[in-house]
Amino acid sequence: MLVEDNTSEGGKVFDYFIQGLILISLISFSIETFPDNSFETKQVLFITELFCVTIFSAEYILRVAVAKNPLKYIFSFYGMIDLLAILPFYLNAAIDLRAARVFRVFRIFTALKLIRYNRALHRFHIAAGIVKEEMILFFITTAILIFLAASGIYFFENEAQPELFCSIFHSLWWAVATLTTVGYGDIFPITPGGKVFTFFVLIIGIGVVTVPAGLVASAIAKARKLDDEEQQKLKN
Amino acid sequence: MLVEDNTSEGGKVFDYFIQGLILISLISFSIETFPDNSFETKQVLFITELFCVTIFSAEYILRVAVAKNPLKYIFSFYGMIDLLAILPFYLNAAIDLRAARVFRVFRIFTALKLIRYNRALHRFHIAAGIVKEEMILFFITTAILIFLAASGIYFFENEAQPELFCSIFHSLWWAVATLTTVGYGDIFPITPGGKVFTFFVLIIGIGVVTVPAGLVASAIAKARKLDDEEQQKLKN
Amino acid sequence: MLVEDNTSEGGKVFDYFIQGLILISLISFSIETFPDNSFETKQVLFITELFCVTIFSAEYILRVAVAKNPLKYIFSFYGMIDLLAILPFYLNAAIDLRAARVFRVFRIFTALKLIRYNRALHRFHIAAGIVKEEMILFFITTAILIFLAASGIYFFENEAQPELFCSIFHSLWWAVATLTTVGYGDIFPITPGGKVFTFFVLIIGIGVVTVPAGLVASAIAKARKLDDEEQQKLKN
Amino acid sequence: MLVEDNTSEGGKVFDYFIQGLILISLISFSIETFPDNSFETKQVLFITELFCVTIFSAEYILRVAVAKNPLKYIFSFYGMIDLLAILPFYLNAAIDLRAARVFRVFRIFTALKLIRYNRALHRFHIAAGIVKEEMILFFITTAILIFLAASGIYFFENEAQPELFCSIFHSLWWAVATLTTVGYGDIFPITPGGKVFTFFVLIIGIGVVTVPAGLVASAIAKARKLDDEEQQKLKN
């Protein structure tokens, strides 16, 4: 079957067609959010969506029919995404359109479908397995660091800027923007104490926040090595 | 004993209970900082804190009683944190509440307790040992670089922006925000000389400031390798 | 021939001369963009350009004449750049000067000529081959992530800031500036939901966006190793 | 001699004393830049400087006298820095104090003296040798990228923001602040074309600009390995 097999000529063409359709549906979804769309634009967008949803629905039904274990497919990660990609359309028709606008945001998950068709993800799964524990530890460390940074800056800046640093929850926003080095400039320390504290937070924090990227990179390098050795064995 | 042993079933349940309590106490600590809490909220927060401090105090006394060398525990890093987590509450009761609000900030150290219970930290300790020397060198280099950057920008920008770059100490804040690439936008060069100087500072500085993260990542990769080999030996 | 050979004494002198000329032509191109150049400046710039284009044209004709397969050179990557570096000048003379100002921007491609003469690029080509697949995957992942981030923030911030987050396309600009941690500060979330969303986007996103740099670095380290082994073999 | 030998007990004490003096002299230099120092402060600063320069001068004379080849020491990198650290003081006494204020900025070089006394720099020298070529290539690539980015953004934004992007030289400032992800927020694109261009510049540019840090990190890891092997050999 075309939907299952992505090594044959026909399967590949089908895959590229679906990928193109996902891209088109995402672009039309984005255009829909413009506040001042003309009636003609809205009609074109609706027809585009109708077409996409029809194909996606047909694909979904086919996949369920073809699957050896239909229930397993339906409740799998990709099965749920496939369903989420078409469900909002049918719900919109049943319930009031404006109230259901919120559900529409789930259509963005169709973007994940693009990933599905890529076999090179195999190495990433190996790499993910290697760094899983370290990543969790770093997320916990990052969370603690952000909390400590927020508490500290609240202590230093609350009196000088009671509007911006009015509670630890407000300071958390500063901690996130600072430790990730985004620094929008909407909130920053103005007292000497707060600035010195920021210096120490950044010197320690940048190390902690950017280490995971390095870990992922080295894990991918190792996964590539393992994958190459595996390929070598299969050839011999 | 439950407090000491974290491999048995009961020990694990106890650990998760304490971790949950720390989280609750941190959230209640954060909510307390809101400037406009109602009387009801304040009461709920006080009761929450009373409960947490009671448990933490009982845990602390138990740990001291159970320890083979009570003094060693009391003056250990975690012993100090355990004490700091409960002390502000008792001090608040003895001294005037408002004056002691400053001590309360130490309760954020309870967040560090979360780390205590995590065994995977072992590898991080190995990695820390590997990169210790380089990290110190990089911190010194970073400090020198920040000082040189601040002195240089003071020289270029002092005349054009005497308010912002009014001394090297004020310029240090610019150097920190720039070399860490946070760039809040509250202070930046406007003269051509200052901009060219910033270019060179950044090209050199980014390398220096972000290298420690790479060093930590590669040290963790090596620590994982050493740890795996150790585990392998123990099995054979 | 001098233009082809860059190992002989004469070839090296010729190469450095051409590189110097490219630098001069780029600086003169940049000065031309000043809005208030005097007539004298404009004349000096025109003479500089005339000189550069004359040399570049002579070099181009020589390269075509010397090449074993002239058509292959003309349609090669560097052949196209060599042509693009001189073409705008001749087009300017034929068509109205002001309308052709747009073509002038292509002269910036002469900067790429600088790369041409560098032999150390060999390792980079090896490294590029190693990480090619991962890079494509990361670009796709980055694109999906930016789209998801833009859709999400649109959902959270559209009502609070309809001017800035007026569609997903406008939110994309926020997603790009935030995930790359540039954070200009022209657009940022103000609602609590948007800020919490930004936190999660950044924690996940920084890893994804900065991993490619780590991959390139480790690939270059491996390419250096392969290159060293190759050199070793040639010596034995 | 104490000044030469940093392995004996006395030599170590002397080194720490000099390092402390450098720190004190740098802090006093920074305090001097405050625009509103009182007369008392200025006197204390002058006495501090007098003391530091006296010691540094004595140390310099001793080093020249002790050196096997005095001229070699005088014209060495550290010899020049040692001289630069004391020269401004004597020049200030001879020439008008206010005119010589500019020379005073050279005193910041005393910070480099701190590096001198650190033996662990050896590995960094090895690492520097390993990545030298790649670093130069990356600096060239970065320079080309910044130039291309500046030219491109000038083309897109010049008409919309003629004040900010008034020439390629002005756009270079934007390119530097953006590619290093500092993003002060004083200059950024507002046209859709400029924003899309910024997206591509950042996706490509972040890789290029942050790779050197990864290269340095992996080179240091390799240098550590080589250094360990060397130490191992010396023991056997």
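By written order: A, B, C and D. Residues from 1 in each chain.
Simple rule for what comes next: a contact is a pair of C-beta atoms (placed from the backbone, for glycine too) under 8 Å apart; a residue touches a chain by one contact, two chains touch by 3 or more.
None of these values were measured; they are calculated from a predicted model.
Peer 1: Residue numbers at the chain B-chain D interface: does the shared fraction exceed half, giving same, or fall under half, giving different?
Peer 2: Copies use mostly different positions to touch.
Peer 1: Determine, using the mean of C-alpha atoms as each chain's centre, which chain is farthest from chain D.
Peer 2: It is A.
Peer 1: More contacting C-beta pairs: A-B or B-C?
Peer 2: Output for the comparison: A-B.
Peer 1: As a quick test, compute the distance in whole Å between the mean CA positions of chain B and chain C.
Peer 2: That pair's centroid distance is 40 Å.
Peer 1: What whole-Å value do you get for the distance between chain A and chain B if each is reduced to the mean of its CA atoms?
Peer 2: 28
Peer 1: Which parts of chain D, given as residue numbers and ranges, touch two or more other chains?
Peer 2: Counting only residues that touch two or more other chains, chain D contributes 169, 181-185, 210, 213-214, 217-218.
Peer 1: Residues of chain A touching chain D in their complex?
Peer 2: Counting only chain A, the residues touching chain D are 181, 183-185, 214, 217.
Peer 1: If you look only at chain D, which of its residues touch chain C in the complex?
Peer 2: 130, 133-134, 136-137, 140-141, 144, 147-148, 151-152, 154-155, 158, 162, 166-169, 178, 181-185, 188, 192, 195, 198-199, 202-203, 206-207, 210-211, 213-215, 217-219, 222
Peer 1: If you look only at chain B, which of its residues touch chain A in the complex?
Peer 2: Within the complex, chain B touches chain A at residues 26, 29-31, 33-35, 102, 105, 108, 111-112, 114-115, 118, 120-121, 123-124, 139, 142, 169, 172-173, 176-177, 180-186, 209-210, 212-214, 216-218, 220-221, 224.
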